[in-house]
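Right, I'll just put the structure down here and ask away after.
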């Protein structure tokens, strides 16, 4: 089997301030649905809200960098987010590798 | 019960370059032991190595900010690390809260 | 009792420049009302204006990170502010812990 | 009476790594004593530890900028700290001015 | 008498590019008038243009931080400026304190 | 077969200025040997010098993030370099995927 | 023959959020065509997508800095990109110069 | 005679993306004419394009800082540029002072 | 007469921490003497201490950029300071040009 | 003939503070000699001192990026300098291309 590929993504949402409230609600709803689809496929094992910001810290578990990019760029809010990716390796001190 | 308190810590190690190799080995060994002690207590559920750097991404699960500071400052390498803390809240989209 | 949870929030307001003056007044008024509601609940013990800027330094005293995020994101100006959160621990030198 | 003068100081300690342990202990002890002296004089009403860092967030209440500088530069660790000062004004929303 | 309170303000103007030329002229004129009012009151002893930028370096001499904030936020261009404040103390080397 | 994993590494060397010239020569020689070993294994297909700096831009082609970290941290100069890693995906416009 | 001139270009696309979808599609299509024209001329040997961002890492191989600027500024998205150029020299350790 | 006054100006153009093409052409044409007027007066001896950016590096030779500011702020694109000024002194190593 | 040339210098002192106390005292004394010499010559009309830092804000009034550099680099602490220079022009709103 | 290749180099010198004065003088002297050798070869047409800093702005005119790197890294102070390189293209507005 291919080895595990773990990446941290830090996503900061920057929505246009003049978005129509119902368009905004629809966008958030479709974002939620697509995100949960990726989570149910086991590709997005952790998702936390950064306190006080419209931002999150995410852990992705993928088969390739191409898959990572395809998943993230499939999010409906992709063009409204500043995203930073950090590749993570196994830490020798971790109890569960 | 008190609510869960989750924090991300990003730690960058900056060791003095003139450290004696056996002192360095001892420091790394004691760091590993103290870290695993905290992990076994269930306070440090995730630890990843940042690829290409002497750095890590950690998730802490604590009872208070004081406990978070006490745990991190008890690490033998504490005075050799640049550390940034990000408080994490539950994300409404996460499948498992 | 759960331990005290203290966070500093630094909030910089960035209002759209083309906001209608009466909408702006309404927004400021509702912001003021919601903020004082949180203050009267004892959750926001300190609030200072940063001199020369439309910005503030705030101290929050909450029961959880989730509560901190819920309070701050309930502010009517939330989507118009850049916010940074710093978790604060007890300082051993402080006379009143 | 002169109006209140409130300043936030953010202090990051950067101690030399090769400090002798007993010199370090003496330095910390004299820092603690001088800080508490300033606190007892009512000039340093708040002091918090920044979680995960050898740093603090402080509120000073002084009679002049000269007094602020004199107090801070009288700290034994002054030459080992990066310090940023933010002048704070009364916020119109604060319940207790 | 209360001691002197000196602050440096660095102001960078960022005007919306689509401002109507006559509105812009009116805004600049009212800015000039309010600024000179503050200067004539002796509160703004120095004002320089930063060469090559729509920016200035200013020295304010005020009775309190609240007064400093009130003066600066009374400028008609206040919401179009990025402003940084630096509190200044007497320098022991200066010939005229 | 596992998909290709491509990463850009940007490495800035910061050698201690008081290194003995013959130690420095030995360090550079062992760095060169280890680097070429990795290149001959096909894991480091591109290496360029950043003009005017003791720095490089590198492309790595690895089987896992763990392998990437192991290769880079096996370089004799690892503890003397600031390294940033950027995960690279296939670009849809590239003629040769 | 003139020596090889290699430059890394890091391009971050920042499209206006209110672009009409069919205009956006046309812009992307013309960008793709012009880019491939430059690639087929042998001037743009490498192009990678930065994972998680609408950005790329590119290697250009040109005859002059003027040619580099002419090629990049001929891209239809040129005015929508933040671009950083790094001149690359031959690295003495590289196996294939 | 007054001594030579040399300044480097680094100018980054940031044009609004919705500018009408003919207005843009007119703006560029008037910018070119005013710039060449200043050059012919001997006040702007060097002008280079920063490769890959809508930016330039310029050397100005003026009689005063006021003249420098007047020349730069007379450029039709002045309000669309981020400009940084660096004062340059004679270098003792330069062959031609 | 040559026009006035006004520059702001922001100087941050960074002394080596292991300086001998009597050497430090001698350095500070010679710095003070040279600074006052420049002040008495009318070249350094303003000098303020930045509150809470070993730093100053200075205004220089010189005949040329070369003179500015010669004065600043003649300070005994020159090699221990990070210095930023901002050229200042007359502001049209200033009451006293 | 090969086209002109023009690069701006911005060099900031950071000398170790404990350098022996006669070693420092020798280093400066050899730096001056090597720099003038490059200038006399026509490769370094402009060199200015950044006012108030131990730094310079340089223009290089070379045949290749490799030559640029070889010239700069041949300077005796190379390992004591932070250097940034900016490739410069012909500006269409410049009177003398």
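Quick notes
Letters A, B, C, D, E, F, G, H, I and J name the chains as they come in the text, with residue numbers starting at 1 for each one.
Operating definition for what follows: a residue touches a chain if its C-beta (ideal position, glycine included) is under 8 Å from a C-beta of that chain, and two chains touch if they have at least 3 such contacts.
Bear in mind the structure is a predicted one, so any value in this text is a computation, not a measurement.
Number of steps on the shortest path from subunit E to subunit I, with steps defined by chain touch: 1. Matching the C-alpha atoms of subunit C with those of subunit I calls for a turn of 180 degrees, to the nearest 5.
Taking each chain's centre as the mean of its C-alpha atoms, subunit A lies 27 Å from subunit C. Chain centres here are Cα averages; for subunit A and subunit H they lie 44 Å apart.
Chain contacts: subunit F has residues 6-7, 49, 51-52, 65, 68-69, 85-90 touching two or more partner chains. Interfaces, counted as pairs of touching chains, are A-B, A-C, A-F, A-G, B-C, B-D, B-F, C-D, C-E, D-E, D-I, E-H, E-I, F-G, F-J, G-H, G-J, H-I, H-J, I-J.
Per the touch definition, subunit C reaches subunit A in the complex via residues 7, 9, 16, 65, 68-69, 72-73, 79-80, 83-85. For subunit J in complex with subunit G, the residues that touch the partner chain are 2-7, 63-69, 85-90.
If you check the complex, the residues on subunit G that touch subunit A are 15, 17-18, 49, 51-54. Looking at the complex, you find that subunit F touches subunit G at residues 6, 8, 31-32, 35-36, 39-40, 46-52, 56-57, 59, 86-95.
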